[in-house]
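The following pair of complexes shares a single chain, chain A, combined with chain B in the former and chain C in the latter.
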Partner chain A sequence: MRLARVIWAFGRAALLDETAYRGELLGNVIRSALGIAMAIGGLAVVFAHTRVLGGWTMEQVLVLLGVYYLVNGLVSTVLSPSLNKVVQEVREGTFDYMLLKPAPSLLLASTRRFVVWHVSDVVLGAAVIWVGLARLEANVTLAGAAVFAAAMTAGVAIVYAIWLALTTLVFWFVRVENITMIFNLFFETGRYPVEVYPFWLRQLLTFVFPVAFITTVPAQTITGREPLVVLWAAPLIAAAALLAAVRFWRFGLRNYTSASS
Partner chain B sequence: MPPDIRVHGLVKHYVVPERGAGLRASLRSVWRRRRRLVRAVDGISFEVAPGEIVGFLGPNGAGKTTSLKVLSGLLHPTHGRVDVLGFTPWDRRADFLARITLIMGQRQQLFWDLPAGDSFQVNKAVFGIDDAVFRRTVGLLTELLELDGLLTKPVRQLSLGERMKVELAAGLLHGPRVLFLDEPTIGLDVTMQQRIRAFVARYNAETGATVLLTSHYMADVKALAQRVIVIDRGRLLYDGALHGLAERYAPHKTITVHLEQPVDPAELRGLGEIVSQEGAQVTVRTRKDEAPAVTGQLLARLPVADLSVEDPPLEEVIEQVFRGNRT
Partner chain C sequence: MTFRLGLAGPLAMLRAEMADMLQYRVVVFLYALWGFIHPIVYMAVWSAVAGEGDVGGLRQSDFTAYYLTFMIVSHLTVAIEIYTFGPMIQYGRLSPHLLRPMHPVWVAAARNLSYKAVAVLLLIPIWTALFLVLRPEFGATPASIALFMLSLAGAVLLSFLAGTGFALLAFWTTRSGSSWEIWMGLTFLLGGQVAPVELLPGVMGQLAAALPMRYTLGFPIEVLLNRLPPGEVALGLALQAGWVAAAAVIVALVWRAGIRHYEAVGA
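Our next item is the complex of A and B:
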């Protein structure tokens, strides 16, 4: 209850802070709409030459694309603004004030900023999923939806763990803006099912940098595809990734040297 | 009453990468990094009683800020025991953090684009301050710091001095019992410095809060602290009464006389060390215990129009302390 109030207080301030840049709303809606339109156009080109891509039909890939945009929207709405703020604050030395607050520092560090305009990606992503499912004429049961939601949750948890681990590097290297680039490089591969990639990359994207669990696995649960890996692996991997990332963060904090005056 | 702050054998060493200037050195450091051990704090011990104001003095890089950061729980020490209000700071327990504050003159916690009032709301939620207490505290701080009209303006529009006042208020909303103030008056003009000083003194008197203060301005220390702790290169050089510092390190007095007319330097012989003689003004430095005798002789031998006897300025004393440590 108290925690909810704290998050709300930060959220409110972040919202007020953002309203200074109202013009960004329109820009972002246009940007996400164009981005999705171009991605769908790209799919149309690919599927003009083939009926299946790595065993996936166009409609199934469309659902996957929707998942990609939805997750991407969540990342750019909350996760990346908050964690980039950590990076900035550590460099400027104001992260000290974060640590001086009697509240769970990790939770606040991960949620305290949000760029509300990027919600447009979430909404459009959901819309694309819906269109894909409609064209598939998929019969989504309540149980099916629940499995999908669980797989999505696991995917988001994995994204969070990766972001957090990359952010934690700031305690040693201080300048880590490039982590956004590294992350995006891998995350971009999530626009397509991992089956389209060569064997070695597929292994990398499944077991090392588990993008497969972020888009491919949730999409396959709801489009009725054969599971890529046993489904129950998703929550296990998500839990393991989260645990590892949180421990790494705690370890990083111990090494925090705070910018000197 | 047990002390609020107990520090025993505090050591904080950092390993920092080191590289020479220039392109070649930079490139070399990319794959072969040299590291250097910095002994920021090298074994200091002290205690601070509840309600005490202690000035923490030292040149740049002496280890003051590092010590304050360990005491407020931001840094884990390399060795040593620290106890603040019965807590180990770096455990960063919520009930510890709710009882202390660290205010840094060079760092800001307020949202830059928002009025300070909005940042206050965030702190209110984070510290779980209830409405009535919050209103009372903001009222009190507004009165003491003259914040009227400042809380509704975006922080970026405030002057440096106004911003510092608002920062102070933000750091005190939760009514901390122990205040760590790191250069709270840095960069401010003299009037604003005085105001901040007066505020800290009054806050201490009214709330009984314990204050550990660092400052480059001796006036801050003189106005606020009865007791000073002097550190240099991570080591403690002096811990005791402010006036005792002068007695120990600069046991002399400066006597300045204005004469009715200039005199021959020969007439001043035997009157201690002549620091300067410009026209009718003569400045003499003498050992403290000889000051009365020298004053007497000056009055007896010279046509004195005006005379003053002063302790050496604190800046000079401190300088003496550091010089002693470094030679």
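Our next item is the complex of A and C:
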């Protein structure tokens, strides 16, 4: 209860903070729309030469693209602002103040900031999913929607775990502003179903850097494709990744020597 | 404002920028890694489409050769001015450079070249490994290699001028990034990134042939892989030269207007 109030307070403060930059909203909407338009144009070029790509139709890949933008939007709204602030504070030595606050440090570190304007990616991503499903004339049952929601939740949990683990590296290597770029680098491959990639890359993207569980698996569940054999593994991998990332964060925190001492 | 001719200044600038880049080699390397991701994704996509057959006459091995060349060409033609020269203008760091007897555009050029040179040292081992593993088959001939060098030089120059042109918008707006994103988006679609230009359907293909984006990226690759008849190579080189000249004039005009604006603000 108290924790919910803490999150609410941070959320409100962030909102007030961001209303100072209202002009950003329009710029971000245009940027998101442009990015999605180019991506759809790219799909049109590919599908001008084929009917299926790695077994996926254009409409199914469209849904997957929507999932990609939705997750991307969540990352840039909540995750990257909060965790990048941790990186900045550790470097500047003000992270100590956060540790002194009477609330769990991980909760504060992960929810302190949110850049509400990037919600445009989330909304447009959802719209692309909707358009894709409409063109598929997919019969989405309540149960199907629930499975999709579960797969999305698992995907987002994996994203969070990867970001948290990369951020935790800051306790050893102070200058890691660019380390989160590694996530974006791998995440780019999530614009296409993992079946498209050659065997070694597919294994890498499924088991080592599980991008497959972030975009391919959720899109699989809702587009009526035969579920990937690994679907049942999604919640397990998500739970394991979260657990490992949280433990790594705690371990990192114990190694944190502060800037002033 | 007059600038003394001669290369002593630019060369000194290049040495300084080189030392600066070497300091940040890890960051430089991380940025350079971006040059791999798109070619790998689209190499995979088109290989999946082609399967055992071909797409518009291009087989899997052709896509491998195309996108491996793409990795090198896109690194050599990347424009970073929007992140280097743009902020210099925006935060007033341009001012001291205006006092020097050398055109400030040389600063941008020196930084561009030193970024590419430093990153290339780190990229060459990876490129070599990829070539050894994937063993692309090139339809290159001595003539196509010579023409490739020529068109590559044109592409490097054109993309630098384009990057500088968009960076100069920072004289007027703090949001020059948005227009650059449109340019990059068009390069993605029409420049030979999402697909070799010859695979672009209908009007997209015609647009790509006329607009400048292809001549900053895809054109040299097509030339090297012998995908174009001689007439189209000549036409492409002429168009590229035309775009370089046009871009140079535009950049010069925008610079003159911008620098007047900059002084007028009193920055």
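Operating definition for what follows: the second predicted complex is superposed on the first by the 259 of 261 C-alpha atoms of A that agree within 3 Å, B and C clash if a C-alpha of one lies under 4 Å from a C-alpha of the other, contacts with A are read in each partner's own complex, and residues count from 1 in each chain.
As a working rule, contacts are C-beta pairs under 8 Å (C-beta built on N, C-alpha and C of every residue); 3 or more make two chains touch, one makes a residue touch a chain.
The structure presented is a predicted model; accordingly, all values stated were derived computationally and were not measured.
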Between chain B and chain C, whom does A:196 touch in the aligned arrangement: first, second, both, or neither? second
For A:27, is the partner it touches chain B (first), chain C (second), both, or none of the two (neither)? second
Looking at A:53, would you say it contacts chain B, chain C, both, or neither? Reply first, second, both or neither. second
After lining up the shared chain so the two structures overlap, which partner does A:45 touch, if you call chain B first and chain C second: first, second, both or neither? second
Just checking: does A:178 make contact with chain B only, chain C only, both, or neither of them? Give me first, second, both or neither. second
Give me the intersection of chain A's contacts with chain B and its contacts with chain C, in residue numbers. none
Over in the complex, which chain A residues touch chain C? Could you list them? 27, 30-31, 34-35, 37-38, 41-42, 44-46, 48-50, 53-54, 178, 181-182, 185, 188-189, 191-192, 195-198, 201
Along chain A, where are the residues that touch chain B in the complex? 2, 5-6, 8-10, 12-13, 16-17, 20, 92-94, 96-97, 99-103, 105, 254, 256-258, 260-261
Give the list of chain B residues in touch with chain A in this complex. 14, 65-66, 69, 72-76, 92-98, 100-102, 104, 106-109, 111, 113-114, 118-119, 121-128, 182-183
Which stretch or stretches of chain C touch chain A in the complex? 27, 30-31, 33-34, 37-38, 40-41, 44-49, 55-56, 175, 178, 181-182, 185, 188-189, 194-195, 199-201, 204
